[in-house]
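First subunit A sits with subunit B, and in the next complex the same chain sits with subunit C.
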Partner chain A sequence: MAHAVISCLHANLAALEAVLSDIDQRAITTITCLGDLVGYGPQPNEVVNLVRERSIPSCQGCWDEDIIEGLNACECSYPSQLAERRGHQAHQWTAEQLSEENKAFLASLPMTLRRDRLLFVHGSPNSQHEYLLPDMDAFAALERVQTADADTLFCGHTHRPYVRELRDGVIRVRVQTPADPQAAAEREMALPVRRIVNAGSVGEPRHGNTHATYVIHDEATGNVEIREVPYDVERTCRAIVEVGLPPVFAWRLRHGFEYAERADDASHVCER
Partner chain B sequence: MSHTVLLSGPPGCGKTTWILSQIQSYRGPSGYLRVTGYPDEGLAQARDGGLDLAYLRDQCPDLLDLGDLDQALAPHPADLLALIELPQFHPPAQPGLAGVDRRVMPQLQALHLNPDRHLHFGRDPELPRQDTLDFSHLQAWSLNLNATVWDPDSLSSFWFELVNGAYGDVYRAKALMNLPDGRAFFCNWMVSQEGSQFLPLQTLAPPDGRPERLSRLVVQGRDLDPAAIEATVRDCLLSDAVLELQQAPLRQRHTPPTRSA
Partner chain C sequence: MARWALVSGLQGDLALYEAIQRDLRQLGRVDTLFVLGDLIGPDRDANALLDRLQDPRRGELAPQCIYGWWEDQLLAERGYRGERRADPLRQQFGQAAVEALQEAVDPGHLAWLAALQFGFIELDCALLHGSSADVGDCLGPESSPLLLLDRLTRMDVNRLFTARSGEQFCVELAGGGIASTVRDLAGERQLQQVVPQRKVIGIGGGLRYSLYDPGSDRIAFRSVGQQPGSRGRGFA
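Moving on to the complex of A and B:
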């Protein structure tokens, strides 16, 4: 059975509608959302309403958490003072716009979703704020999947879609006790193949062009298809300006630049 | 024997860069004057505010400021090379000195400067031609940034947005910007060139509060949005508290020299 995984909608209604239409055309009925329904974009209520209407199971993203609990990430989550100020501006605006009902919905979202050996998270199994980048240390990446007891880990947060296969994972341990140095025991554990699939971003692509991205996973074959969907970017850009968000957000979206660049130390997990 | 050269050309054609190369290759004393250019139909002149002079004097500390009345009216060294920069959008109607804009002459005479050569970018072959653009409409805007210090990563983002059109079509941008560690950069961008120049000033300010050197942003282009530029700049500048936080550890390592090696 094929199912679709979407992430990082960021209050971009035109992009979400285009992606759902693309999924519907493929007669796929199982959709999972990895969070960040809101943040930066101009239609937070509309996007949350659509996810609720379609009954799309979602886990909670870092923006969803921050909107209901208040900003709790430290300045190190932003690459610059400018990005931080813009992030706070977007946060304040979104918090003011979002209905209490939709805030309650975001508050109800789980941190993770699981279907058999598939695990769905926003950032990583450890935190909504942790970036699993495609080039992160292979052992650390494998650890994230293995300790979560999953075969395939679906994540978002980086806004760059990728499929990473972790194979040939071997851990060799030699234990030598002082009592009997000759009896050193060596154990070797061969870890099975694990995969990390990043769904990219529907509402704030960061992969080099303006198309929304998501993934289709075929559970029978294991095949993962990264989908790029063009949408009416100008519609969202107009809405950004009309609702009073900074026009530079529209400029950045129109050119395929993220609203705020990724933090320099992407592995940093804010504990504040 | 002294030489006085009047150098004219449109924005971003390389006047200041060429002048710097002349000063650096000349063995004798040099002086510099930037004359305020005249607007043309639909073409506004930028308010330089001393930016080019500040950069040139940083690179060549002995450079005479010929706009300073005391220096201008004092007897000049016999071998002085006087270089006068004149922003001018269109080529002169006549070759040589006969083509000098008559409106400029009273300014020069008041400073006892009489050009013996006039070179114009895009006309005279001894000057580089590749950066000369023919403008038909140009808006100018500038911002005094004295005593401001930038968050370095924010400066990088702002400059990227500025020169790539987030605040209007920018054809020319230049600036002197202070960083918290005491360095300053001459940021230079022209639509016809690939990439920006970020040239560090030789003069370092001690990491002890806000530097006193000139700091300014000058932009020329079309459909500029000054309010949006200023709003973004405000979000990039460091407060006293953040500046102190960044400079305190630097002061412990700081030694007094005010010019880099």
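Moving on to the complex of A and C:
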């Protein structure tokens, strides 16, 4: 059975409608959302309403959490104070616009969803704010999947879709204790094959193109297809400017990459 | 290069601390004393030890302290950790232990305890109570090598000293590797990575402490009560 995984909708209604239409055309009925329904984009209520109408199971993203809990991360992944200020502006605007009912819905979202050996999270099993980048340390990547007791980990947050298979792993260790310091015990751990699938972003792609991205996973074959879906980018850009959000959000959507807001250290996880 | 002494789990025991200081004086060639948390505990009044740690006597090595699991629990219960309370302590040892811990420490020490850091980075070493993941993370000689490597990678260090388990051990990552394939919209690429030569060292707790020579990378496990002339149980 094929199922679709979407992430990082970011209040972009035109992109979400286009992606759902693409999924419907493939007669796929199981959809999972990895959070960040709101933030940056101009239609937070419309996007949350559509996810609720379609009864799409969703995890809570970092933006969803911040809207409910208040900004409790230090936002230290912002590359500049100007970018941080724009992020705060978007946060405040979204919090003001979002209905109480939709805030309650976001607050009700779980951190993770699980289907058998498939685990669905926003950032990583550790944190909604942690970025699992495609080239990150392979052992650390495997640890995230293995510690979560999953075979395949679906995540978002980076806005860049990819599939990473980790295999042929082995770690050898030499263990010494005071009981017998001269006789070191050696052991070897064979690491299991695991996969990380990043669904990219529906509402704010950063993979070098303006198209929305999502993935289709075939549970029978294990195949993962990364989909790119064109949508009416101008419609969203106009709405961003009309509602008074920072115009740079529209500018970067038109370019398909977060030129103005790219984090210097995307691996940083705020502990605040 | 002189050696470091690494101590933890004093839990308010001033006599034990004085015995370790005596041991260090007799050994010589130790220039830095790190106390990796658990300065306090629920079993005895910790105020005299806390006074001494903040105001060392002449001739003693001045301790460099970080907070441990017991300090974290106390500070949480006393409102120094936001909304968090000492629930792990409560679940593990009961309400009586929470109350005993609070009674063991005069409120006048709380500000000093709250100012202690999570850990130190010295040279290429992380000196922590638990691990880079959490102050309560309990690493031991049987811990998964994948987990140990992850804890090292998170701080990007070659040596991670931990105290939470109270055990003395040295796990050396001695080889191995992993392959991966990344596929995205630009295509597919193969990546290969080898296991870095790194170590996780359990320093012990209470009577058991460790000496580390950063110059030679030698660790020696000691226990107070050992004969001064003995060499400790060292590894190259």
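Keep in mind that, in the parts below, the second predicted complex is superposed on the first by the 258 of 272 C-alpha atoms of A that agree within 3 Å, B and C clash if a C-alpha of one lies under 4 Å from a C-alpha of the other, contacts with A are read in each partner's own complex, and residues count from 1 in each chain.
Simple rule for what comes next: a contact is a pair of C-beta atoms (placed from the backbone, for glycine too) under 8 Å apart; a residue touches a chain by one contact, two chains touch by 3 or more.
From a predicted model like this one, the values you see are computed outputs, not experimental measurements.
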- Based on the superposition on subunit A, does the combination of subunit B and subunit C result in a clash or a fit? fit
- For the combined three-chain view, what is the angle at the C-alpha centre of subunit A formed with the C-alpha centres of subunit B and subunit C, to the nearest 10°? 90
- Note on the structure: subunit A contact check, subunit B vs subunit C, more residues touched by chain C
- Have a look at where A:E219 lands relative to subunit B and subunit C in the superposition and call it first, second, both or neither. neither
- Item | Which of subunit B and subunit C A:L82 touches, first, second, both or neither | first
- Query: A:W251 contacts which: subunit B (first), subunit C (second), both, neither?
  - Reply: first
- What is the contact status of A:Y162 with respect to subunit B (first) and subunit C (second): first, second, both, or neither? second
- Would you check which partner chain A:D151 touches, where first means subunit B only, second means subunit C only, and both and neither mean what they say? neither
- Message: How many Å separate the nearest C-alpha atoms of subunit B and subunit C in the overlaid structures?
- Response: 20
- subunit A residues touched by both subunit B and subunit C? none
- Quick one: in the complex, what on subunit C touches subunit A? 141, 144-150, 153-154, 167-186, 191, 193, 195, 208, 221, 233-235
- Task: Within their complex, state which residues of subunit A touch subunit B.
- Result: 79-83, 85-86, 246-248, 251-252, 255, 261, 264
- Note on the structure: Per the touch rule, the subunit B residues reaching subunit A in their complex are 151, 153-154, 156-158, 161, 164-167, 225, 228, 231-232, 235-236, 238, 242
- Touch list for subunit A against partner subunit C, complex: 134-135, 137-143, 146-147, 160-178, 181, 184, 186-189, 191, 207-209, 213, 226, 228
